[in-house]
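In the part that follows, the structures are each spelled out as structure tokens.
Two complexes follow with chain A in common, the first pairing it with chain B and the second with chain C.
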Partner chain A sequence: MNDVTRRGFLGGLAGVAGVAGLAACAGGSTAPASGGGGGQAGTAGQIEFWSNHPGTSKPVEQAIIKKFEAANTGLKVKLVDAGQNYEEVAQKFNAALAGGQLPDVVVASDVTWFNFALNKQITPIDDLLATAKVDTSDYVDALFNDYNFSDKHYALPYARSTPLFYYNKDLWKKAGLEDRGPKDWDEFKAWAPKIKAALGNGQVALEMADGSNYLDWYFQNMAWTFGGGYSKEWTPTFSDPNTIKAGQFLQGLAKDGTVKFNKSPEADFSAGLAACIMQSTGSLGGITKDAKFDVGTAFLPGDGNCPTGGAGVAIPMNISDERKANALKFIAFLTNAENTVTFTQATGYMPVRKSAVDLPAEKAFLEKNPNAKTAIDQLAKTRSQDNARVLLPGGGARIGKGLDQVAQGQDVATVFKGLDQQSQQVFDSQVKSKLPS
Partner chain B sequence: MTPPYRKHVGSGARLSNVQSTQTQVPDRSDEVTGPPAGGPPPPVGEPPHRSSGRRWEWTLAGLLLAPNLVLLIVFTYRPLIDNFRLSFTDWNISSPTISWVGFSNYIEWFTRDDTKTVVLNTVIFTVATVGISMSLGLLLALLLDQRLKGRNLVRSAIFAPFVISGAAIGIAFQFVFDPSFGLVQDVLARLGIASPDFYQQSNWALFMVTVTYIWKNLGYSFVIYLAALQGRRADLDEAAEIDGASSWTRFRRVLMPQLRPTTFFLSITVLLSSVQVFDIIYAMTRGGPVGNGTTTLVFQVYQETFVNQRAGYGATVATVMFLVLLVVTVFQVRVMDKGSRK
Partner chain C sequence: MSAPAIVGTIDEPPTAPPSRRERRADQNRSESSSHNRGPLMTTAGYVGMTVALLIVAVPLFWIIITSFKERGDIYVRPAQWWPNPATTENYHDVTTRIPFSNYFRNSLIITGVTSTVKIVLGVISAYALSLLRFPGRGIVFLVVIAALMVPNQITVISNYALVAQLGWRNTYQGIIIPLAGVAFGTFLMRNQFLSLPGEIIEAARLDGAGPLKLLWKVVLPMSWPTLVAFSLITVVNEWNEYLWPFLMSDDERVAPLPVGLTQLQNNDGVTNWGPVMAGTVLAMVPILVLFLVLQRQMIKGLTAGALKG
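After this line comes the complex of A and B, so read on.
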């Protein structure tokens, strides 16, 4: 009986394998020989695009895809829901790398792309861009260079944002301040007593996100403005006297009650509870809609010290050259001037092309939305983020925790020294050996 | 290795686990359960004409068991073993290469500063949620077992949160606990008390997720206890009452012993689901404030594996957690077993 079962079982298996084989043939018959392996199969002419639809952009993505298909006969794009946020997309991509079907295009955030590049799982796109004759000089430099690793680019900027300084114009007026943001953090400190005097019950001068909600992203601006930063290349610089000074500045603001930390400062700000906040440009739409006062926007304090953020689109390494070429065609289309305008107007992200602002559609939009213009003007002054935050695994969470400790009164030098050590340790154990020497 | 997802299928899977431990009571004869397929041959003394019937029985048993066994092996045991293997590596979740690091992950876990915080968070959260949701569940079940007007409505109201997704509850409860415009803040303000900042102070944050979790899961203990109460023997209670037992004595000496299997079942299922909480913490605090203010073991697994990209270390935490839960559950079974033999 045992024998019979085993034979039957094996027979069944063979049957299943046969069917799978047929299916593979049907799928791959016209694709170039790709050396087997589930990851390499794929339907000829079909581009699979894994996205989390940043900024609830699914309809916009679909519209752009439709245009792409009309312009490129023979190519079809399949939009796949690959998660609710960047982390989920990265998890799904990781699972695919372990043996599933690879997509042709995947959304990768500023924090997730590097690990894939480091492990040679997304492809450098410079040669593909050159072959396709895409003019990369039109991409906003800081945004394009965010994906630069050992002289190669690993993604094109797609849904990109920066922090913005939002202020309550009514409160500003009451405090007798000029209608603009502070030039730097010293000026803000000088303004603080005036702002506080104008505050009512339950209101606070400045609100910032806490360490679990990307304070580490916003604080980069403060650290840079004071002449410090999280790292220089791969060397952590938390213990740099200027970074420590920035930490002490933040702590000082917390101690005298000027700043309050919150899970979602934009909610308090819209409700009129905070005179000003640092928030992503992505919140502009929501804040404008919810606030019952005049919302002002300005560059972050400290001219030119604005970090970038958000996500790009990347192409997996282990797919055929033909698939890569098609994928590149699609991402170049997705991020061209016209489409970046469509996409960003619908979502609140930043146009990733320099020429985008010259398009009539964008000009009209900016005229109607002066606050959106602030964000775009600031874009020219952005700076790529420090490695210790975006390229070291767990960097954001690690720094966020340290900043929470600083905000709650722990000794800045001690906390930052700890961050130096931890960052160095992560670099040594997880990144160093994989870097090209 | 699969922390966030396992939880959702968890309650069902755990139910069947417990049932299977109950069916494995040793005093059942081999005749009934039969040895597993491929085990020892049937006893020799059997009359020959029954053998083809037996054979058919075995085949049937095999056919019926196979789908479950295959699913268990593929989705439970294989990942378990895989996870164990990974805990001895430095895999970074996307690298094609893996290298063995021996026990260094375990050594790191046992010596790291944050381990103490995470374990303490897990213990406080678990003890509070299991203790409170079970006793409160029993209390409410006793109350709503009486003939009260509108009790069906109240019963549904208590059970309803259990079927809502944890992530949705986590988001909704932000409006309850928000220190500037939340419900709690409003109530406290009317009493002239300043609201604590539930999101920035570690202890309050842990309090907040614990309360939210209890609110969501209270309905489960409540419904199971209610069902047990409805199946209890009223005659015993009446007899005790006639004998002049006080209501406390009747509760302790007559009712509780009857509820023992239910309490046992709940203590295991509630404990397991509490230890595996993920959704509420993810939605409300992301393990913060101050990095690990509300980080429990399961959340640490997620954090290390998917945020810090240290799948090896994450697997180590998961393995430690698995072993601890195994010991605790075996201990629970022992204690309950001893109690029932008295």
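After this line comes the complex of A and C, so read on.
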């Protein structure tokens, strides 16, 4: 070390520069292949698709893209890894909105799309759909209308899910219950003592995700079943007596130890620690693989009170009309009956087309997977989510935090009144002025 | 270094200078006697060490055994503390389900180049700011420190806009160049250089050492432990860097490992943790190796240097 001369040092520096230079060259050589589609003007025929591959679906997406390219000569689709969840895609898209180089198609979740629509960053697609002669009546109505804002649609449903009631059939049998889910939450409460009696050490009757893991999504079902809800249009209704009743019901379950809150209930359920859980249909494949017992699925308690969720595909506003038209061609193809079947069978999401269930491939699949059929049958009983959760900025997190407080025993009426005020304030300051009058 | 020598001269007759081995034995004896505590304290010490070790080691151990488990054995109760049956399927999964070798190569390139640039820049800028005299030195240093105060989350959007306009999205230079600035290294190394005794630097200058020779032969050897620590921190940081490479990269052509490994996680459903853990283990290995190598260097640095002899 001490023998190094000045010349040696300079040589070292030159070496460093050389490495840097090499790296620059390596980077440069990939630039022509990748940089093309990114420009604001865009390259004709190149469609850049920013996806987080919901449900580890990258291979499926690639297969669908290959089919699309074969059917549309001259159009190429570049699939970009845009993040590991919906929030990261939104973050990357935000960076692109500020810095240029927009994609042609971007995945937007039920809670991220509206903010982009409100700020005119994604484009309404109704005219494009009409020009391309896409039959929108074939999309499942509840799913398609989730992206409706002042009579315009801003996305097509893509990776859509609903919660599902999962139960451990072995424990159900031990408790002497019928092989089905509870009709409503009152019936569940009547069942709870029987389930608890059948539990072993360390097991719990019901597990739900906590407030930072979408409890606000699942609780919507409880609120609706009791006749309440988070909001009516833009008016928050947390203080509605029925919503408060639902909150007190949840608190009661927590107090007598029937329900436990957890970051990932699906893990405990698969390990046999929870008799039943409410979880996304997207977890069906994973739970079936992980669980060492017989898994049963049922509709959520209550009738017609199942919230929808998941993500759609949207097109940015500030790109050329030609790029928009190409992008629409791609998302219509991506969500057509045949491809929605391919995609959902590989992931556990819901087919977004009504005609999908009539395809032979889907019929055969559902016959073999009765649990997947539960999810699809439930689709007819879904209901679009309340604005206070999905359309108000930060809604999900805000409600989740409130529900955490309720679960820990704070007074329901006080917490919900606070949610009312906060939601109203966010609406007044951030949304109201941007709504078309 | 001087304390054991004194002990040695007191213990030994002055006519027979002690051999090196005897001196070391003396040193050990004196150390063990000074650390002589009651058995209770010793036990408490060992218990404390064991607890600390367990806190660090158990999660690590869990990652490693999970990477060898079959999927059905990961979520079970009671927990399995040894994979049974053991399988290397997860490692096979990691290398086939995602282009692992591409991510790995990108990580090596990005970490290697960024760290090298950062270390070189840090050392030479700190050297200039501490030991060379030029007008405006204080101002330059203030500007560098100011840069340290700006969290990089704030600069992300403007950096993105700049790099995107240069057409550098999804390229190595787009990822590396914005990451290569080094306020922290400059700050750390400058303070280290200032703490060196001025007499030695003066003496070296009187002996006719030029600026580079002074840096390379006098200043750096005395600063070796700090430099190694700084390098290690830099390399680990770069290796784990997530936000910026994620925003810049579009696919496996330039994306590094932390971005690539997220592809193994299911983002709306149940993650199969086996391959994720296997990927984590594989991503840890290079850093562990580097740490072991540099640790020896660190100790060498403590004993070598301009003060030797």
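The definition used in the following text is that the second predicted complex is superposed on the first by the 397 of 437 C-alpha atoms of A that agree within 3 Å, B and C clash if a C-alpha of one lies under 4 Å from a C-alpha of the other, contacts with A are read in each partner's own complex, and residues count from 1 in each chain.
Keep this in mind: a contact is a pair of C-beta atoms (placed from the backbone, for glycine too) under 8 Å apart; a residue touches a chain by one contact, two chains touch by 3 or more.
The structure presented is a predicted model; accordingly, all values stated were derived computationally and were not measured.
Asker: Have a look at where A:G282 lands relative to chain B and chain C in the superposition and call it first, second, both or neither.
Answerer: A:G282 contacts chain C only, not chain B.
Asker: Touch test for A:S270: chain B only (first), chain C only (second), both, or neither?
Answerer: second
Asker: Who touches more of chain A, chain B or chain C?
Answerer: Partner touching more chain A residues in the overlay: C.
Asker: Is A:F49 in contact with chain B, with chain C, with both, or with neither (first, second, both, neither)?
Answerer: neither
Asker: Looking at the overlay, what does A:F226 touch: chain B (first), chain C (second), both, or neither?
Answerer: A:F226: touches no partner chain.
Asker: In the overlaid three-chain picture, which partner chain does A:F238 touch, first (chain B) or second (chain C), both, or neither?
Answerer: neither
Asker: If you stack the two complexes on chain A, which partner ends up touching A:Q101: first (chain B), second (chain C), both, or neither?
Answerer: Touch partner of A:Q101: chain C, not chain B.
Asker: Determine, under the contact definition given at the top, whether A:W217 touches first (chain B), second (chain C), both, or neither.
Answerer: neither
Asker: Just checking: does A:D404 make contact with chain B only, chain C only, both, or neither of them? Give me first, second, both or neither.
Answerer: The answer is first: A:D404 touches chain B but not chain C.
Asker: Of the two partner chains, chain B (first) and chain C (second), which one does A:F427 touch, if any: first, second, both, or neither?
Answerer: In the superposed model, A:F427 contacts neither chain B nor chain C.
Asker: Intersection of chain A residues contacting chain B with those contacting chain C?
Answerer: The answer is residues 1-2, 91, 94, 202, 267-268, 271, 273 of chain A.
Asker: Quick one: in the complex, what on chain A touches chain C?
Answerer: Residue list for chain A touching chain C: 1-2, 4, 6, 9-10, 13, 16, 19-20, 23-24, 26-28, 30-31, 33-35, 38-39, 52-56, 58, 78-81, 83-86, 88, 91-92, 94-96, 98-101, 159, 161, 202, 266-268, 270-273, 280, 282-287, 289-290, 292, 310, 347-349.
Asker: Within their complex, state which residues of chain A touch chain B.
Answerer: 1-2, 87, 90-91, 93-94, 97, 115-116, 119, 121, 202, 210-213, 261-263, 267-268, 271, 273, 393-394, 397-398, 400-402, 404-405, 407-408, 426, 429-430, 434
Asker: Touching residues of chain B toward chain A in the complex: what are they?
Answerer: 38, 55, 59, 90, 92-96, 174, 178-181, 199-200, 285-292, 303, 306-310
Asker: Over in the complex, which chain C residues touch chain A? Could you list them?
Answerer: 71-72, 74-77, 109, 112-113, 116-117, 120, 156-158, 160-165, 167-174, 176, 210, 212-213, 216-217, 221, 246-247, 249-255, 259, 262-272, 304
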